[in-house]
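In the two assemblies presented below, subunit A is common to both, partnered first by subunit B and then by subunit C.
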Partner chain A sequence: MSRPGARAGNTGRGIGVALTLLWSVIPIYWAVKTSFQTDADARANPAQYVPLRPTLENYRTLLTADSDVPGQIRRAALNIVVECGAATVVTVLLATLAGYAFARMRFRGRNVLFYAVLATMAFPPYTTLIPLYRIMSLLGLVNTYTGIVLVYVSGFLPLATWVLHNYFSSLPESIEEAGLVDGAKRLQVLWHLLLPLARPGIISTALITFLFAWGQFLFPLVLSSDLSTQPLTVVIASLQGRHVVPASLLNAAGVLAIIVPAVLALAFNRYIVNGLLAGSTR
Partner chain B sequence: MITRTSRRALLAGAAGAAAFALTLSACGGSSSGGSASGGSSQTSGVTITVALASDPPPKAALDEFTKETGIKVNWVNIDWDSLQTKISAAATAKTYFADATDVDWSRVGQLGKLGWFYPMETMVDTKTMASDMPQLTSFTKDGHVVGIPYDASFMVTTVNEKMFQKAGVTEMPKTIDDYTAALNKVKSAGVVKYPLNIPFAAAEGLSTYWYETTGAFGGTVLDGAGKPQFTTPDSAGYKAATWMVDAIKNGLVPPGNINVTDSQGSQTLMAKGQVASIFSDYSGGIGTLYNIKSASSVVDQVKYIPTPGVTGTAANLGNPDGIGIPKQAKYPQAAAKFIEWFTSAKKQEDFAGLNGQDKIFQGYALPSHLSVLQKMSESGTLPEGKSLVPMLQGSKPVFPEGAPAWYPQFSNAVYTNLHAAATGSMTVDAAIKTIADTANRLASGS
Partner chain C sequence: MSLTRSATPGPGLTAEARPTAPVRRRGRRFDPLPYLLVAPVAIFIVGLALIPAVFTVVQSFFKVNPLDPPTRFTGLGNFRALLADDAVIGSLGNTAFYVVVGVTLSTVLGIAMAVLLQRPFRGRSLVIAVLILPWALPGVVEGILWTGIFDPNAGLINSIVTQVGQIFGTGAGGTTLLLGQNRLLTISLIELVQVWQITPLSVLLILAALQLIPGELYEAAEIDGCTRWGAFRRITLPLARPGIAVCMVQAVIATLNVFDQPYVLNGAAATGSSITMQTYFISFQDLDFGQGYALSLMITVVTLIISLVVVRTIYRRVEL
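Now for the complex of A and B:
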């Protein structure tokens, strides 16, 4: 039989969790609900809390219509996939090499370099916005996929390196030693022996990087000038001030924007948590 | 731990390079480089980028410009808030991002002082323009014209005449007291629960609402030296703030308006018949929103009324959009040619639909040329034009001597504290005092 104090504690915790969930879920529910309504229903007074006449018209318009706004949304969706995908690949590649080197190799200044990498995470990202903009401008990379991807990589590489460093550190050294004794080169050991073992860490790093990149707004806003590179986050924000864009269509675009990260986060939640906790216990 | 391998240098180099790149990106200096200002004087065979918070004019119009001048136009549409961020980022980084872009009335002081834009009087004939563009003065700072107004946005009072009449208000109010009484009548008659929209979200729209209301109470917000004019309870600004906060406390304004911005209020409250009036609305809203069937359920019901003042009609305050040339423009002379064309009376007639539907510039608010507005009113193509023309003629700048360079910080203090007063977390008196302290501190340069 549980004590009254413990029961009250559990009840309080339950209420707290429920309120937190509602706080997070209600806006998303409202966006999803609105996306399945006509604009007239979405703006009805009193408000409809569930779609009384659900329709897929907004999604059909977004995915197939030739008009201005759907075309922009589709192009922006392509941009965000390209930019986030490329940033993820480059970040994971560099972070794997750097994380391994920091975890396993001894060289002069290793700790200083490693902590310098980690220290960059303490900088508020926006302090680097103007310098990065200027550098990209000098290199002619403003409004290019390359420029945006490079900025994402520079922003997410420290965290990725740290996650993979922790992961490589948690693997037994005897595996590498056995490989080296058998005559394998260092990169062969890394490729054939360690990477398969580190796959969960690499997957979690890729997911974290991709999700962070997907949510970016200010950097791509400044670094992209037009629809050739603007990601979905920037384009959706730019549509909301226009009177002519129906709210239901905007919400459908918003739902499309959250589907990819939501599916990834739900499907691979285990990897994300493991990646962030890697190395926290030995 | 393994200490020696044949690939050590390579991998250590990779780690080092990654660290160097990261450190560089985090600490990236701003000491060198940057696009030089000055640009090319070429005015033919070039492509200029025009960045505005608007869809482009008709393609045929831009093609015609290209044919006339040899200048191609790459039009970039960025929402207003994002555009301001981009302008600031590009100017701070001394980096090119467009050849011509938005100059908002509220940023004229700041942009003028910081010298981010070319003085337009050296690029186009502003003296000739001035006689037909009453709002050009809003874009002048220390004798320099920072941008050319391309629309004539100004703040107006809109009422849903049908709702007012339903409540028995047959004569439109001419004073603030009459207006408040009419709103109470609409509420008590049960026509709508909350008849007035005031966008109390902590955003720029709340500041401009207060400026217009202050004007209606017969005063100004700041004097020419930037000193606050609203500190005493008998001042117009103080009375305006009290009136606005009382309106939400007394149930004239929907309680949810604490988080409603100006455009949201127009689109979701006024256009949907959930409120009966906006004291400080956007001119042109009837033609571009309230009378658009797909966006509004109050078609033909909304009217402009002369702004109710203390004893009679008050002046409307202008908040127009202009276009200017950033110092980092690649082709400033070509951009000047575009601005001359884009803001000409002839082109504004086309954009406003005086010369045929195919020439209309979708989303274009009101022409900045008075003569074009008059033509529109006479031809019947401007909804409520007979009301709007005299309002524009009598409109005044929010800051008669130009917005101060520190306007963004001041506006931030205005909307933050008025929002707090509306939520009840501070008194109007405390809000006014904090705003005044901010203005005094900014004006003194500390």
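Now for the complex of A and C:
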């Protein structure tokens, strides 16, 4: 297979792949590079394309310093982990139960309920921003973990239910029937037979929910009024506006905010790709 | 969807699945179990999605402002006030630009990258893993990352421009590219950052459609003397239409509702503000919730209409 056309095609694809990779990583590289520089080096003109005198000082400051900004960042990092973790656990748990029922059980009102859940996926993300704020404010849940988690869960449940419904539907029915014949209860069948089989779907759903929650900005900006609940995204955006924070430190904080989603995306990309495709083929 | 199937660890069913007689569903007795299982989701959806959505629709016809009580009916008053507001009109223009440029660019790039990845090669899954990174990161932080690229002094772009200028002896530094310099440049750079974020999902959606195209079609086309470009036009594009339609819809939703990128890159400045940013300012700085509701409703309706038009024109059910 050494037709000239094929070789030219391979070279072309090599160039295309290289450009794709560069396009995807250059902005990330630039922030990582800046985070390993002193502020003077980071502001040098023309820029240093690699950190000539790499330093861990920014990370040391962020993780250990007692001063104002590092303390805020650490608190915000804790907040984002708590909020995204809780939202993911609740979403996946509730969506698993409902997804199973919608896929496998017959009951009055099933279709109406299911379509109502799916219909909310058609809403653009911020349709309900103001009413949700006012509901949370009525319930006294503004600036609480509970308020933010409730809003996240309500936002991510439709997609999660849909993905898990599809996953349960794809499992052969004979498994459950065998279990039921053996005298097991529905929930035992779900727990012992179906959940292990549905694990890839559950992992996909959990990862996508977590990444969506981690990226939220406008909802927490509105729903959390101070540092006690503001996630990393909100605090970093507020620091960026003030020019008192050195660029190198801000970039180190940015790297802290992307390291978790980046590692998840790289390590579990198959689950994420599958979940995204299962969720968007309507 | 072979991409999906090949990547999913295949459930090892055969061992447990032994053929049995169909299970008799329990008689006519009422079974509360399914209702218990779906109840939490139903409560969330009704309480925190459907009822709030109804609120948005109804209250957009009311004056709702904690600084100007009581809440009272104003008919189309909110909509009239919005359309007379220069900041809102400006943001409509910006958002139209974001939608047109963002949807076009992310779709074209999505098709190009998906075609690049269509045939298996060594390292393809690694390329896909790296490719989805921009999708996985928070939009706000991406704003920070790109601020470093656009920085007038130490940014990547301006450093390269300056050094190239020095090498060729032209006016060095005179051509600094600055976010906020003028409106067109500002909204272009903002949308570039958003395209960076939304393109990965476009690639995945289109790639999934491409994986369904049988290789024999391309072989037959080659035998018939069809060029690569011809095969792309006559085989790839038409058969990828379902994927392209879904990718365009997600791009329409993302760009019409953009908030993070213009907010972080350009602040409250009118040069780049989007409709969603105006909704935020009107509702949470002016506390005019009524107008905020009206603007949210308008964004929602426009998003739904454009998505529907895209689906009607692009989507074709593909039978193979």
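One rule holds in what follows: the second predicted complex is superposed on the first by the 254 of 282 C-alpha atoms of A that agree within 3 Å, B and C clash if a C-alpha of one lies under 4 Å from a C-alpha of the other, contacts with A are read in each partner's own complex, and residues count from 1 in each chain.
Convention: contacts are C-beta pairs under 8 Å (C-beta built on N, C-alpha and C of every residue); 3 or more make two chains touch, one makes a residue touch a chain.
In this text the structure is predicted, and so the values were computed from the model without any measurement.
With the two structures aligned on subunit A, subunit B clashes with subunit C.
Of the two partner chains, neither subunit B nor subunit C is touched by A:Thr64.
Using the contact criterion defined above for the overlaid structures, shared-chain residue A:Asn111 touches neither subunit B nor subunit C, since it reaches no partner. In the superposition on chain A, A:Glu177 makes contact with both subunit B and subunit C. After overlaying the two complexes on the shared chain, residue contacts for A:Leu132 are found with subunit B and with subunit C alike. In the superposition on chain A, A:Val142 makes contact with subunit B only, while subunit C stays out of contact range. In the superposition on chain A, A:Ser225 contacts subunit B only, with no contact to subunit C. Applying the stated contact rule after C-alpha superposition, one finds that A:Ser238 touches subunit B and leaves subunit C untouched. For subunit A, the partner with contacts to more residues, out of subunit B and subunit C, is C. In the overlay built on the shared chain, the residue A:Gly215 is in contact with subunit C alone; subunit B does not reach it. Using the contact criterion defined above for the overlaid structures, shared-chain residue A:Pro46 touches subunit C, although it does not reach subunit B.
Of the stretches 171-179, 225-233 or 297-305 listed for subunit C, only 171-179 runs into subunit B once the two complexes are overlaid on chain A. Contacts of subunit A with subunit B, set against its contacts with subunit C after fitting on chain A, overlap at residues 43, 45, 94-95, 97-98, 100-102, 105-107, 110, 113, 116-117, 120, 123, 127-135, 151, 154-155, 157-158, 161, 176-177, 180, 186-187, 218, 221-222, 234, 237, 240-241, 247.
Across the complex, subunit A is touched by residues 1, 3-4, 7-9, 11, 13, 16-23, 25, 31, 33-35, 37-38, 40-42, 44-53, 55-56, 59, 112-113, 116, 121, 125, 127-149, 151, 153-156, 159, 162-163, 196, 200-201, 204-205, 208, 228, 246, 250, 253, 256-257, 259-260, 263-264, 267, 276, 279-280, 283-284, 289, 292-293, 296-297, 299-300, 303-304, 307 of subunit C.
Subunit A contributes residues 9, 13, 16-17, 20-21, 23-28, 30-31, 34, 42-47, 49, 94-95, 97-98, 100-102, 105-107, 110, 113, 116-117, 120, 122-135, 150-151, 153-155, 157-158, 161, 171-172, 174-178, 180-181, 186-187, 193, 197, 200, 211, 214-218, 221-222, 233-234, 236-237, 240-241, 247, 250-251, 254, 257-258, 261-262, 264-266, 269-270, 272-274, 276-278, 280-282 to its touches with subunit C in the complex.
Contact residues of subunit A toward subunit B in the complex are 39, 43, 45, 68, 94-95, 97-98, 100-102, 104-107, 109-110, 113-114, 116-117, 119-120, 123, 127-135, 137-138, 142, 151, 154-155, 157-158, 161, 173, 176-177, 180, 185-187, 218, 221-222, 225-226, 234, 237-244, 246-247. Across the complex, subunit A is touched by residues 1-3, 5-8, 10-12, 14-16, 18-19, 21-23, 25-30, 33-35, 49, 51, 53, 55, 74, 76-82, 85-86, 89-90, 92-98, 263, 267-268, 272-274, 288-289, 292, 294-295, 362-363 of subunit B.
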